[in-house]
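Here come two complexes built around subunit A, the first alongside subunit B, the second alongside subunit C.
Our next item is the complex of A and B:
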């Protein structure tokens, strides 16, 4: 009797899942496999595509712009992990303490996140403008003859674009960290106090270990968004000068839509997915283990 | 405690979702402003603009005779023409049987939007485009209505100026309705030239001397914005025209001759010399080409290489175009760089839809509308014998067009080269400006990209 009821309930569960599954398969799974299929072809995306096997993937090996884009994307990921994450944690810690105007400052630091990235690009293009930008105007005001042209120089453009992105992107991880900080049990911190731990010890030995879930989530979302960075680069430099800020996503887009090399562009997209899997798969394994661990307890 | 975490997290996620939606609203498709999201606000703004500028008068002028079935059309156009929504609203008010939804994109946004739509088989009924390789793609892939027979039946040869009509003739077919014919010359601030005793140059030596004199006097000679590459390219193509001459340059543009040639190298070397001499503003390689006129208007730069539409562009900013002069670039051949703009039509339009779309296009690009919003058009309209209504308002237009008629034109480089080859040239321009590549290397790279394109 019980078994029959269980079977019926499972069937119902599957039926309820069906609409979501159909949507998931049609808009997520099918396009991924179709993209993989296209990546083995050449053509403009309209009409017949010619099967070329692994030729698109082989061509990447001798394409200097692809390698430049890959290196820039990896640098961007490293900058995101090493700068965006600690800075947003720092802001979260500061804004987690009670102080006058705390709610205002939380809103203030979160505010850039709600601005469209294209608008952020335009704002920062003006900030960096060598003739009329605020930075050079300030330098002039204080009597300095130094003039910056950061987004026009190949050795500084990537960092300059990254800082524009940092200004815009800090709010979301900050909010997640803030949520994580507020989930730490005050009684545990009190216990650490009684045990004689100082502020730094409490932070590194109690707070951070208790925020493990939050760290994993923030790290993964940041790495994935860094891998896909597109809008800010497009708006601020269009990948220039001379591909010095070209990213995998912008190059993939150019190949697919500007140059009509749909097969090659899609092959780049597949490589991006594979690189992202390096982050996502361990994240999924970690999450699954955590869930199993909780169930066992 | 967990509940508290969940609450905070849920609030944060909801905030993030809302922010994403807000961001999405503002950033669609490369600077686009689609009718879906902007229509309500734009309609209100447009209504006030329409009533201010054209009002009921424009609506009454928009009325056309149409005896077909009611149709709904879509039109993708440029957001840089600021009264487009108002014009479309006036059309819709006057013609209930032909309703048109306009979506506006910036200069580079519309190229991306159309390519993306082409690959997903979702082209609009009509879209703005340029001639050359940019328009050719839609012809090659069978996406545009072949207007050859329509043009014959309606005697377009007597209707349009021959330059415009030939530039929209792609792949042996009339691929669009010509909406403007543009030629490019050198605009300069008359007061700055006068202040430093400089005459409009007629030879390359005089042009070099003028640049040197301006630089010595603390004025940046030429404003340019290399963000998308095509603005500095306008100078480089003039240098190549100077060193190659008309015949060789035409062969280069037609990809019939190698770009790894002496004339191209010399042209790029001249550009390198100008970069090294500081004849362009600091940081120009990633400056927006839309902002170059600001340097002219504020007087920080003396010259800008632009088309006859520049009068309208500076007028829109409240800067009087009569403060500017122009001269043809002293390239030795007297030819001017030229390009056409057009409206292309979806090949899947029914007979009624084509008829309606053609009526809409003819009305939009007519004196009825261009006299109300002159700064929204690259005047004169590309019809035979067309004049501009107010030459004092746009003083250089007819002079430039007449000069080009007398001395000939060549196709602008980014419409002559395939996009992927033009982008290699643009990257090369940046590399030369930043000292990363030599002119010889850039010429070789462009030629390699052409070979690779031909081999596809």
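Our next item is the complex of A and C:
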């Protein structure tokens, strides 16, 4: 009787998952394998595809723009980890305890995350405008002779685009950190108080270690989204000037849809996935272990 | 006394930092609004920081009609309204199976469903565009809507299963004893209890769908069917230097989102925090 019930329940579990599973398989799982197949071919994708083996992957090795995009993507990840993460933690710490105006500040810093990134790109393109943009206009107003072309200059473009992205994207990690800070047991902090710890010690020795899960989550989501960065670059510079802000994602798109090198573009996408595996696999193992751990409790 | 003074100083310092950051965060928003209401003459006569001589409403009417913003917003609304509830419903069904029904290798299934959230969409772009070309799904709402559901499943499963895990099993058992089927238990017991998670998901996913650019730019290239982000890029292509007009277009596109945000602000900041716990 019990066994029969279990079998029935198991069958209905599959039935409940079926509709989503069909869509998921056709939109994500199948295209991954199809992409792998395409990456071993050359051609425009619509007409004849010619099998070329690993040639697309070999070609990457001698393609300077590919290496540039890879380096820019890695720089972008480094900037996200070294700047976005601490800054969003700072925002969260400042806005954790109740004080007048807290809701306003939280709302303001989160607000850019709800705007289309393309719109953010347009706004910042205007801010960085060398003749009429607000930054250079302000410099002129205070009598400074310093002018910068920001996104039109290879030296400054990456950092300028990154700042626009920081303005846009701080809200999400800030909220994750706020949730993490709120989950820290106040009694533990009181215990530290009694032991004579000061504010800074409490923060680094008690709060941060207790927020381990939050840090893992923020780090992984930030790295994953940095790896995929596309919209903001597309809207601000489209990889220019002279590939100085080219990312793997923009380069993949340009190769595929602008130059019609479908096989090569897809091979770049496969490389993106392989690099992301370095982050994803440990994260999934961590999540799965947490999930099993909770069940065992 | 000393401790009290110290506390005061810290509080003031905190406000100074926050206000400074708030000013930086507000500059782009003010720039946008200021530029959008300026006429062309204002641009070339005045300084960027000077006030507009009058509010140039024609920027907005032009953006809505000639710039097709109105049409883009309508298209985007249709897709988001169709996609979000259906996506949530299908993902909640998955989570119901993952958390409440007998299933071998539960964790394996969960991980399988979560992987999609982490992969770059680029991996699916070429296959989707090839298949869509063959099936004539390019430039259709259905085509876009279908991939949106697929790419949304991972995050929605993550959030809904997190919430459903915390609902006591006794509730299901009570429903089964009352003679409810699994489907009835799902629809009329578990779904209503999950409302807080579903509401948060509804709003965040609505915005994510409304703002999505990459897939929409590949699947839709007909001006009559474009969504807001793709439309905005077209707008830039057509009026790259006319910033008053361009900013009016952006502002028009941002206003509905801003209204939703102001009404449901608590769902974002408090709700998101709850959803990820």
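Convention: the second predicted complex is superposed on the first by the 294 of 297 C-alpha atoms of A that agree within 3 Å, B and C clash if a C-alpha of one lies under 4 Å from a C-alpha of the other, contacts with A are read in each partner's own complex, and residues count from 1 in each chain.
Following the convention adopted for this analysis, a contact is a pair of C-beta atoms (placed from the backbone, for glycine too) under 8 Å apart; a residue touches a chain by one contact, two chains touch by 3 or more.
The structure presented is a predicted model; accordingly, all values stated were derived computationally and were not measured.
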For this session: Have a look at subunit B and subunit C on subunit A after the superposition and call it: clash or fit.
Result: clash
Exercise. Which partner does A:156 contact after superposing on A: first (subunit B), second (subunit C), both, neither?
Worked result: neither
Problem set entry | Partner chain in contact with A:252 - subunit B first, subunit C second, else both or neither | second
For this session: Applying the touch criterion given at the start, work out whether A:262 contacts subunit B, subunit C, both or neither, answering first, second, both or neither.
Result: both
For this session: Would you check which partner chain A:55 touches, where first means subunit B only, second means subunit C only, and both and neither mean what they say?
Result: neither
Exercise. Looking at subunit A, which partner touches more of its residues: subunit C or subunit B?
Worked result: C
Exercise. Between subunit B (first) and subunit C (second), which, if any, makes contact with A:117: first, second, both or neither?
Worked result: both
For this session: Could you list which residues of subunit A make contact with subunit B in one structure and with subunit C in the other?
Result: 45-46, 110, 114-119, 129, 132, 175-176, 178-179, 182-183, 231, 234, 253, 256-257, 262
For this session: State the interface residues of subunit A toward subunit C in the complex, per the touch definition above.
Result: 6, 9-10, 12-14, 16-17, 19-21, 23-24, 26-28, 30-32, 34-35, 38, 45-46, 91, 94-95, 99, 101, 103, 105-112, 114-120, 122-124, 126-127, 129, 132-134, 137-138, 140-141, 167, 175-176, 178-179, 182-183, 217, 224, 227-228, 230-231, 234-235, 249, 252-253, 256-257, 262, 265-266, 268-270, 272-273, 276, 279-280, 283-284, 287-288, 291-292, 294
Seminar exercise, completed: Residue set of subunit C touching subunit A in the complex reads 11, 14, 17-18, 21-22, 24-29, 31-32, 35, 43, 47-49, 90-91, 93-94, 96-98, 101-104, 107, 109-111, 113-116, 118-130, 133, 146-147, 149-151, 153, 157, 165, 182, 186, 207, 210-211, 213-214, 218, 228-229, 232-233, 236, 243, 246-247, 250, 253-254, 257-258, 260-261, 265, 268-269, 272-274, 276-277
Seminar exercise, completed: subunit A residues touching subunit B in their complex are 42, 44-47, 110, 113-119, 125, 128-132, 147, 149, 151-154, 157, 171-172, 175-176, 178-180, 182-183, 185, 231, 234, 236-238, 240-244, 253-254, 256-262
Seminar exercise, completed: subunit A partner, complex, touching residues on subunit B are 1-2, 4-5, 8-9, 11-12, 15-16, 18-19, 22-27, 30-31, 108, 111-112, 115-116, 118-119, 121, 137, 141-143, 226-229, 281-288, 294-295, 300, 418-420, 423, 426-428, 430-431, 433-434, 436-437, 456
